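The same subunit A turns up in both complexes below, where it pairs with subunit B and then with subunit C.
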Partner chain A sequence: MGRRTYTRPMDGWWLRNPFFVKYMARELTAVFVVLYALILLVGVMRLAEGRAPFEHWVANLQTGPAIAMHVGLLAVFLYHTLSWFQIMPKTMAPVIVAGMKVPACAITGAGLVASAIASIAVFVAFRMFAA
Partner chain B sequence: MSARSKQPIVWLLFGAGGMLSALIGWMLVFITGIAIPAGLFLSPDLFSYDHVLAFHRHWAGKAFAFAVISLFLWHGALRIYHSLHDLGIKSHTLNGWAVFGIAALGSAAAGYALLAIGF
Partner chain C sequence: MPEARNITIEVLRYDPDGDGPPYLQAFPIEFTDDMSVLQGLQQIKDFQDGSLTFRWSCRMAICGSCGMMIDGTPSLACRSFLRDYLPGPLRVEALAHFPIERDLVVDAGDFMAKLARIKPYIIPKEVKPLSAGEYLQTPEDLERYEQFSHCINCMLCYAACPQYGLDNKWLGPGVTALLHRYNSDSRDGAAGERMQLAHEPEGVWGCTAVGYCSEVCPKAVDPANAVNQNKTKSAVSFFARFLGGE
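Take a look at the complex of A and B:
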């Protein structure tokens, strides 16, 4: 039998500090990113099966609960975008412009602007495809 | 025997998926889950079988759909893998097979379906 040394319990460790709660919230977005990818995956699979299965998939998306769920997904994805660009300055090599280190908030801001531009481009592309 | 780590590959897929989802993920959720189904700003006709089929028969549409589905899955897989560890579920081999297995199978299924749709 080994010695019964004390080990500090780790249950709920992330609830002890607001920084860790934020960390867990950010990591939890991944579950919903996977969920959304699976919804799209089912759509592509139904599309390959033919007209009737695909139209059934679309009819499911048009229900109230499905739209409400996507409103929730939208909020989670917006938080994912924000948190992704908030941690980006910590994960990338420092950017030096004119001998000065670019501040973290500038990198985050640039990322959010890039997201807005890319997303608007996607929306415009969909509108053009509809026309 | 080379014991080269697979981590850089997984991290690359994670980073690519994280960036793609951060850039356009929220807009895709809005378009496919709210705007088109509810007919808000976009025509519900965008989800007609013929429209969606035409989109996915084009090589660019196939590439876009495959990138979104597979990279989102790989991005989520790595985060969930680490979160399971953080929550004290430390059977790493099992966790790895579960999360990366879903990402790999999902990517394969997306690739198969997109090819089955034809060109």
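Take a look at the complex of A and C:
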């Protein structure tokens, strides 16, 4: 055909739109979720080794820098949870209740409430176990 | 008479017969509150520069021809109003992620080829003679695909999809939404054939759930939902093979 079309570069595409920045933030927070899962996995391994190694692991997590890290990670995980449930309605088959399609905001809201309840349950259970 | 106001439209121009890259050209125009961006471009073409090239047809958001980037957002020019971009300037560019043919016109060849591949028409489950009457559907049957049938092939979702921009081998949101529309139709019998396209790495798995496609869709089709429902179907079918399924 010999037409001279122009294809625009994609460099820095994720900075072009706030929506893409939020998407990249969501993907990045997943990395921290994996890293923290590894920290918890180490805790399980220490627990298997006995009481002293586990208490040593807990003591390490109670130092100043470890607490600062947890505060930072809490913010990261809250964003991860929010963004996860925001995209959830787009990833699932329609839920029909009484002949009506459940709106996206109801699915997102239900997910956030469920994760809040689960977080509180884990927190309470751990406090009872630690006591 | 509505009061006239002024705004500047910056257009990304591209001349395939020249030897340079695209460049921005500013056109100050006078407009009234009822004027769309498309009407602004038509005014430029009629009174300032007849060489300005863009596609349009229906002026009422149904033909899907006037898709373009308006201030960086994939939009239908006929459905976007100049008053919403005050004080301006507003920037108009050809749809992102497609090769530019000239000015605001893109090469839609890739999209059209993909559309043909998914066979976007009903392939009857059982072919009946005309005398046997219509293929009947219940309202529930219609509900299963109706939303996805609203697609007007405007390609805004492709301009919203960075994965398509990074690798245009991926089937993309709009075509997958139409694949889902026909596969979900109770009268259709070609879902197995279409799903072969969905299973490919360039099928539904090219999507990383950015979700912006559904935000920009002027017809609320929610292509991200169609793609992700078919990821589930594709995964189920993959594992079903080990259980003696399809």
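FYI, the second predicted complex is superposed on the first by the 104 of 131 C-alpha atoms of A that agree within 3 Å, B and C clash if a C-alpha of one lies under 4 Å from a C-alpha of the other, contacts with A are read in each partner's own complex, and residues count from 1 in each chain.
Quick note on the criterion: a residue touches a chain if its C-beta (ideal position, glycine included) is under 8 Å from a C-beta of that chain, and two chains touch if they have at least 3 such contacts.
Keep in mind that what you see is a predicted model, and the values were worked out from it rather than measured.
Engineer: A:17 in the overlay: touching subunit B, subunit C, both, or neither? Say first, second, both or neither.
Structural biologist: In the superposition, A:17 touches subunit C alone.
Engineer: Quick one: name whichever of subunit B and subunit C touches more residues of subunit A.
Structural biologist: B
Engineer: When the two structures are overlaid on chain A, which partner does A:111 contact: first (subunit B), second (subunit C), both, or neither?
Structural biologist: first
Engineer: Touching A:54, do we find subunit B (first), subunit C (second), both, or neither?
Structural biologist: First partner only, subunit B.
Engineer: Would you sort A:84 into first (subunit B), second (subunit C), both or neither based on which partner it touches?
Structural biologist: A:84 sits against subunit B, while subunit C stays out of touch.
Engineer: Shared contact residues on subunit A for subunit B and subunit C?
Structural biologist: Comparing the two interfaces on subunit A, one with subunit B and one with subunit C, the shared residues are 10, 14, 27.
Engineer: Quick one: in the complex, what on subunit A touches subunit C?
Structural biologist: Residues of subunit A touching subunit C: 3-8, 10, 13-14, 16-17, 19-20, 23, 27, 87, 89-93, 101.
Engineer: Hey, which residues of subunit A end up touching subunit B in the complex?
Structural biologist: It is residues 10-11, 14, 24, 27-31, 33-34, 36-41, 43-45, 47-48, 51, 54-55, 58, 61-62, 66-67, 69-71, 73-74, 77-78, 80-81, 84-85, 111, 114-115, 118-120, 122-123, 126-127, 129-130 of subunit A that touch subunit B.
Engineer: Would you pull the subunit C residues touching subunit A in the complex into a rising list?
Structural biologist: 14, 16-17, 21-22, 72-73, 96-97, 99-101, 107, 143, 162, 165-166, 208-212, 214-215, 222, 224-225, 228-229, 231-232
Engineer: Which residues, counting only subunit B, touch subunit A once they are in their complex?
Structural biologist: That would be residues 17-19, 21-34, 37-38, 42-47, 49, 51-53, 55-56, 65, 68-70, 72-73, 75-80, 82-83, 86, 88, 102, 106, 109-110, 112-114, 116-117 of subunit B.
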